[in-house]
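Can you keep this structure in mind? I'll have questions shortly.
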Amino acid sequence: MNPMIGRFGTKRLVRSLQTGRVLPALFLTMIGLIFVFAAIMRVVDPKSFQTFGTALWWSASTVTTVGYGDVVPKEPFGRFVAAILMVLGFAFLSLVTGTIASALVSRFHVDKESDPVVQAIDRLERRIAELEKRVG
Amino acid sequence: MNPMIGRFGTKRLVRSLQTGRVLPALFLTMIGLIFVFAAIMRVVDPKSFQTFGTALWWSASTVTTVGYGDVVPKEPFGRFVAAILMVLGFAFLSLVTGTIASALVSRFHVDKESDPVVQAIDRLERRIAELEKRVG
Amino acid sequence: MNPMIGRFGTKRLVRSLQTGRVLPALFLTMIGLIFVFAAIMRVVDPKSFQTFGTALWWSASTVTTVGYGDVVPKEPFGRFVAAILMVLGFAFLSLVTGTIASALVSRFHVDKESDPVVQAIDRLERRIAELEKRVG
Amino acid sequence: MNPMIGRFGTKRLVRSLQTGRVLPALFLTMIGLIFVFAAIMRVVDPKSFQTFGTALWWSASTVTTVGYGDVVPKEPFGRFVAAILMVLGFAFLSLVTGTIASALVSRFHVDKESDPVVQAIDRLERRIAELEKRVG
């Protein structure tokens, strides 16, 4: 892949995380993961997940890190797939939380009226303008 | 709805998240969700939730993402409602954490004595004031 | 209580959260909560928690939001006390995470060599010093 | 240990947390913890964890705070070791989330084109350059 496009894509991704614009996409990805992992589990461990609804119930409680444990995989490979979903759920929780924190903090700077740093710089700007007039 | 009012409301909401003023309201909403989802579950799956107290016990352990699993819905629609509460609990955890992070970071800027950025700008301001005096 | 002392205490608390100095105290408080809630449960629901060790096992899995569910209170009042510990665990997770985020972000500003904002202000300071020399 | 080296190591660690460079290392450490605690449990409570795969299944669900509860230690010492892993999982979730939040916020400052603070300082810099020309 063209590295320029790659870097551009990374930059756009980081920007959308910082501003929180990515949150609806993250939410949809999470819903998607629930369906994809339910489907995989139906194939991998059909004895433990006798209906697709039961598999959905398990994947929803796993990706949200709730983990009731009333329905769980018993096959080794099913447990391996489940472990991947647990780590994904863990990563999602971190990513969504970090994104919300970043979006709130960065909007603080963007909202000029309430950011003391931007206000202090604005004060400086006015004094320099004053200086410019005096100097001629 | 008037878009101006809509944007004003959004701005006020974002502000209250940034400063953490929204935290008591988020806390009350969470307590409210526990009661509302317990009531829904009593109607949707009365066999699994034989008393309102049992339903409350389940909804508290779900929204906090603890998820004991000793009491769980068994009806498909009950599990669907439960999945909504799990996702809401997940979203709450992200929102509360992001709000606390943002409130702590933004107060860092507000507390002028300890923010090196605001201190550096203050130093600049004093030097420009000195310049103004010399220039006349 | 003297409001000045009250505000001073709040300010010190917020500072210790921002810098992360509070983290060891939060950790000890969490360990303390595990012991206190285990002791309460032994009194409130001795049938479900037949030894203090079992109660500790339950309170550790609850405050960390793991929630195995192999040991759970069955008495209504025990469940009420447990719900308080769940909410406390939820609040702790938010507070510890928000504190770590804030500590990392604020140290970014303190570490002058790597903060582009502080670097930009330093550049400004040197140029104003240059101006001062020229003006006399 | 030489305190200079110690402080240097701490500074590098804090930097790698702030920028998020540490995230792959944190991820590998978490995978490592799953294996190490599974091995410990096989030794400490072999009756509850009859295969290494079962122990892995338990440690994965514990460190991610999912906590199904279908496999749990029953020996007091096993429960003590498990409590350590729960607290480590809790700490990991906080650390990873805080690191992501900090990395997103700090990159906001580094990306000069989009940070209003850096933009405002750039504007100031241009005006001071203008002043320098006029003063001579």
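The chains carry the letters A, B, C and D, assigned in the order they are written, with residues numbered from 1 in each.
The rule is short, and it goes like this: contacts are C-beta pairs under 8 Å (C-beta built on N, C-alpha and C of every residue); 3 or more make two chains touch, one makes a residue touch a chain.
Nothing here was measured: the structure is a model prediction, and the numbers come from that model.
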For copies chain A and chain B, the superposing rotation on Cα atoms, rounded to the nearest 5 degrees, equals 90
Interface of copies chain B and chain C: same or different residues on the two sides (over or under half shared)? different
Taking each chain's mean CA coordinate, chain C and chain D are separated, in whole Å, by 16
Chain B to chain D, mean C-alpha position gap in Å, rounds to 22
By the touch definition above, chain C meets two or more other chains at residues 65-69, 93, 97-99, 101, 105, 115, 117, 121, 124, 128, 131, 135
Contacts from chain B onto chain C in the complex sit at residues 30, 34, 53, 56-57, 60-61, 64-70, 93, 96-101, 103-105, 107-108, 111, 114-117, 120-121, 123-124, 127-128, 130-131, 134-135
Seen from chain D, its contact residues with chain C in the complex are 11, 14-15, 17-18, 62, 65-69, 72, 76, 79, 82-83, 86-87, 89-91, 93-95, 97-99, 101-102, 105-106, 109-110, 112, 115, 117-118, 121-122, 124-125, 128-129, 131-132, 135-136
Per the touch rule above, chain B residues touching chain D in the complex are 65-69, 97-98, 101, 105, 117
